[in-house]
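The same chain A turns up in both complexes below, where it pairs with chain B and then with chain C.
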Partner chain A sequence: MFATLRNWFDERFDWDDLIAPLRHKTVPTHHLSYWYFLGGITLFLFGIQVATGILLLLYYRPGANEAFESVQYIMTQVRFGWLIRSIHSWSANLMIFTAFAHMFSVLFLKAYRKPRELTWVSGMLLLFLVMGFGFSGYLLPWNTLAFFATKVGTEITGQVPIMGKPMMIFLRGGEEVTGATLTRFFGFHVAVLPGLATVLLLLHLLLVQRLGISVPPKVEVQWTANPSAKREMTFFPNFLLREMMAWYVALGVLGVLAAVFPWNLGVKADPFVPAPAGIKPEWYFLFMFQTLKLIPSKVWFIDGEVLGVLAFGLVGLLWLMLPFFESDQPSNMKRWITGLAVFVLAYVAGMSVYGHFAK
Partner chain B sequence: MGYGQTKNSCLDCHAALPDRLGVTQEKFSQDIHAQKGLTCVSCHGGDPDSDDPDKAMSPKAGWKGKIERKQIPQLCGSCHSDPAYIRQFNPSLRTDQLGQYHTSVHGKRLAAGDAKVAVCTDCHGVHDLRAPSDPRSTVNPVNVANTCARCHADANYMKGYSIPTDQFAKYSLSVHHQALMVRGDLSAPTCPTCHGNHGAAPPGIDKVQNVCSNCHAFQDQMYEKSLHKAAFQAASLPGCVVCHGNHAISYPTDAKLGTGPDAVCMRCHTPGDKCDQARANILADLVQLDQAIKGADRLLGLAESSGMEVSEARLAQDQARDSLTKARVTIHSFRTDLVDQDIQAGLKIAAKNLKAGKEAMVERARRRAGLGVSLIAIGMVLVGLRLYIKKIES
Partner chain C sequence: MMTPNPPCPRERADINADQRFESGNTRRRWIGIFLGGGLLASFASFIYPVLRYLIPPPVADLGGDEIVASKVAELKPNSAKIFRFGNRPGLLIMNSDGTYRALSATCTHLGCTVQYRSDLRQIWCACHNGIYDLNGRNVSGPPPRPLAVFDVHLRGDEIVVTRKREA
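On to the complex of A and B.
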């Protein structure tokens, strides 16, 4: 049956020729190879997001008077609605986590070097988009925490000099967070961001396919010195089968999280009640939020929060351009980027933990 | 009356005088009268334009000197009983204070020559008198009990009046004081709420119910239907106070219906009589509903902490709690049939919520079973993939 189907496709589309690049594609095999799975796991979780997101769209109704109730309906009345919504929420968080882990693994394995600068740039842009997905999606259930977190988040955007206020009004659809903000965020979440993400994802995958998988410098040096030590496996099916095992593990983890810790719906947002004490953003924005809290209100003559927002903007831009600061001469390879990566990882993790426990 | 006057030579000297005669500009500027444009002359007379003390404090200039205590209510009343005058400053301010004062124990005793009783300035202060709405005012709801206690809690001062001096100490332990001072509920009762302010007097044994019913209206309606009303009246017992006390009113728990140290019914009733049986039935009903609500709360809490969506049932629990509160109010009718109606309504809601909790827990178990099956399937696929990889790579 499978062979007949395969022949049918082969006759019409020259199937063997079509999948030849996959057959010829190889993946380096060494003691750090398991880090290569992170990109695939992130892609798998993105797929889960798309699938569960489409299912949620069947019942979700954007609007201040309907959003919360529609999610409540999904959670209580729709068959397996609770599972779909919980998987969507948990998968979003896991995806952001694996995207960050993927970014740091690329950094530590120095996979961003020439000729893969654009792979890094497209990956970083995807990471920013993923965070945008998180920020816009968080508001959609229209519960109290989401409402005030969005209020705080968009207020921070408003701190950007000159463009801040218009950006904040654009994001909110007015001066305040209202039903207009919800409709807008829904549009970003299900149309604008997925469109951009699809284009960038295809570019990212194309670049990975075109440029192949990077080998860490130390392994590269060993293999150059001793070519017989070089190990590779074919992408299809050997690596893909292993990747599938990782996906199944991720699926199992998602299942456990969704079934044992279903995502809480919270209390419907009420713009007229005061913000709950100790309101915090989602964990992936916590390091920035906590940093902004720690900056004094005035640094010299500049407003502390404005300074913080500008600093994060500048760091983000420099981070995006990181490969262009790296020398292409292995002998002159600068160690400072690795040092910086260690510092940034420690800072992000430390500030996130501090932000979680801080009152 | 000195209203609108610009020069005030009185304060030039009195600002430098010691305590009893000393009034500084700073102190007087806090006074509501000063803020409305009145000056020393408004009460004391005299000529504030003169810098010569003899002329300024000349009887020819209408100077009254220190106002005698017994004259104070009349002096204050000369403005505060004049609606046309008061309207200029505060159209909603009452002007019956003096009339009320004459009906108060304070006013009557003052008229009888007792100068120790409270006059206006004892409660409101003098020279830095603030509006009652000002939190610093001595008659603001949060301060007025302390103001009353300055005399009424002073055993030496109250010697000879034959009334207790522990009212404030008892009130400080009461549920009313807690509501006012701990919860910050400014509508919670304090001394004037029950005794009146300018017309302060004990409510009277047969009128206590009327006082309490100003806030506890539903309890009053129930009490009106009860057999206790006639019985208490016949025995000259002070209504609500019989069971709840007066100044030291504690939080009413179901234990009041019991037979323990907090029980009140058995102070009058005989164990085993008809009323004792009714009491026991009502108490059993209340306990049953209370337990049913707590049981449903526990289960719904467990389901919620497991991530189950039970917000509707949690919300409905408030209705069950309302029924329990209503039943506790209906107790004042002392009719088992009326209490039972509220109890049954509450039990019905609690049972429905308990069912919702049980269903949520069943659903939780089903989800976990589904998870177990899924994990087994995933595990089998993983093993299969591993074996397949091993096979193709060998």
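On to the complex of A and C.
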């Protein structure tokens, strides 16, 4: 039965030829191989986001008068609605975490170097998109925290010279954060970003497939010197089965988090009440938020906020271009890039912790 | 130097290997059953909440059994109005002789909302040309059943409609 179906496809699409590259695909085996799982786990969590996101769309209603109530309805009336929403929120946070971890692992294992520059660039763009997903999705329940986070976030966009103000108005759908902003963010979150993410994801996976899995420079040097030490496993089924075990564990963690710590809904947004004390963005924006808070209001003759925003923009752009500064000789890696990576990781982690505990 | 293996030990070794294979095979099968069963059970536990989630919770019919359908002054003889009865529309008709009649306005054919035709003195469904008489009986067209009829009485200047009690 299965064989008949398979032959039917093979006759028409030359199925065997199509999946031949997958059969030959191998994954290098060495003491750092575990880091190869992170991209796959991120992909899995993205799948969870798509599935639970579609489920939430069955009951969610955008609009300032309905959004909060509809999420409340999902969480109190719809069977297992609280679970689906909690999984969506937790999975979003875990996905951003694993995406960051994936990025840093690629950085430390030097997997971005030639010929994988574009894999890095597409991955970085995906990371920015994921943060965009987080930022736009956060507003959708239309609660007080989300309302003010969006106000501050879009206000920061407004600080960019020349381009800033029009961009802010574009994002907000007007001068202020209103129901119009919610409508836009909903559109970005469920249509624009998923479309872009799908295209970039396919490109990213195609590049990974085409270029194969990178071997860290030190291991590569060893293997070149002593080819008999080279170890590999086939991607299908050996690596995939291991990856699926990791997915299963991720699903377990997700289920526990969602069931034991269900996500809060908070209080409905009201534009005419003061912002609550101790208001903070989501943790993945905290390092930027805290930095902006620490910059004095005037540095020389430039506004502190403007300086901060420009600096982050510049760092982001350089980060995107990082592979192009790296040497293509595995024995001659640029030490300053590793140093920079350590510094940035320490800075992001330190500022996030500081931001979390700062008043 | 070729020496033939003594037959006996060789055969015993083969038997042992066969036995090992047999017992290994059953053990493997049991492990497979437990692992597969566990996985299936866990997938069922993922799917179950999703299936329950897909079914929308029942909407409470907040209409009750009685509603003020209209004020007396709102209706002229040989006219009608649609009123809300819970989540569904009702049709209140004032006959030419000044009596009232209230019926469900949901066509029994495919659920369109019916209307009163003052020219025909009948109830008409525009969707598939179904016609009911003023008692709600389906007289022509596709409707399979009569419309539900409600009780009407006056309370001061209000026209009150109640569901008929099940006899």
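One rule holds for everything that comes next: the second predicted complex is superposed on the first by the 341 of 359 C-alpha atoms of A that agree within 3 Å, B and C clash if a C-alpha of one lies under 4 Å from a C-alpha of the other, contacts with A are read in each partner's own complex, and residues count from 1 in each chain.
By definition in this document, a contact is a pair of C-beta atoms (placed from the backbone, for glycine too) under 8 Å apart; a residue touches a chain by one contact, two chains touch by 3 or more.
Quantities reported herein were computed from a predicted structural model and do not represent experimental measurements.
Visitor: Touch check for A:I84: first (chain B), second (chain C), both, or neither?
Guide: So A:I84 only meets chain C here.
Visitor: Per the contact definition in the header, classify A:P323: touching chain B only (first), chain C only (second), both, or neither.
Guide: A:P323: touches no partner chain.
Visitor: First (chain B), second (chain C), both or neither: which does A:N264 touch?
Guide: Touch status of A:N264: first partner only.
Visitor: Mind working out whether A:G158 is in touch with chain B, chain C, both or neither, as first, second, both or neither?
Guide: A:G158 sits against neither chain B nor chain C.
Visitor: Quick one: is A:R242 in contact with chain B, with chain C, with both, or with neither? Answer first, second, both or neither.
Guide: first
Visitor: Now for A:P62: first (chain B), second (chain C), both, or neither, which partner does it touch?
Guide: The answer is neither, since A:P62 touches no partner chain.
Visitor: Touching A:G40 in the superposition: chain B (first), chain C (second), both, neither?
Guide: neither
Visitor: Determine where on chain A the residues touched by chain B overlap those touched by chain C, and list them.
Guide: On chain A, the residues that contact chain B in one structure and chain C in the other are 83, 251.
Visitor: Quick one: in the complex, what on chain C touches chain A?
Guide: That would be residues 46, 49-50, 52-57 of chain C.
Visitor: Which positions of chain B touch chain A when the two form their complex?
Guide: 306-309, 311-312, 367-368, 370-371, 374-375, 378-379, 381-382, 385-386, 388-389, 392-393
Visitor: What residues of chain A sit close enough to touch chain C in their complex?
Guide: 55, 58-59, 77-81, 83-84, 251
Visitor: What does chain A use to touch chain B in their complex?
Guide: 72, 75-76, 82-83, 86, 237-238, 241-242, 244-245, 248-249, 251-252, 255-256, 259-265
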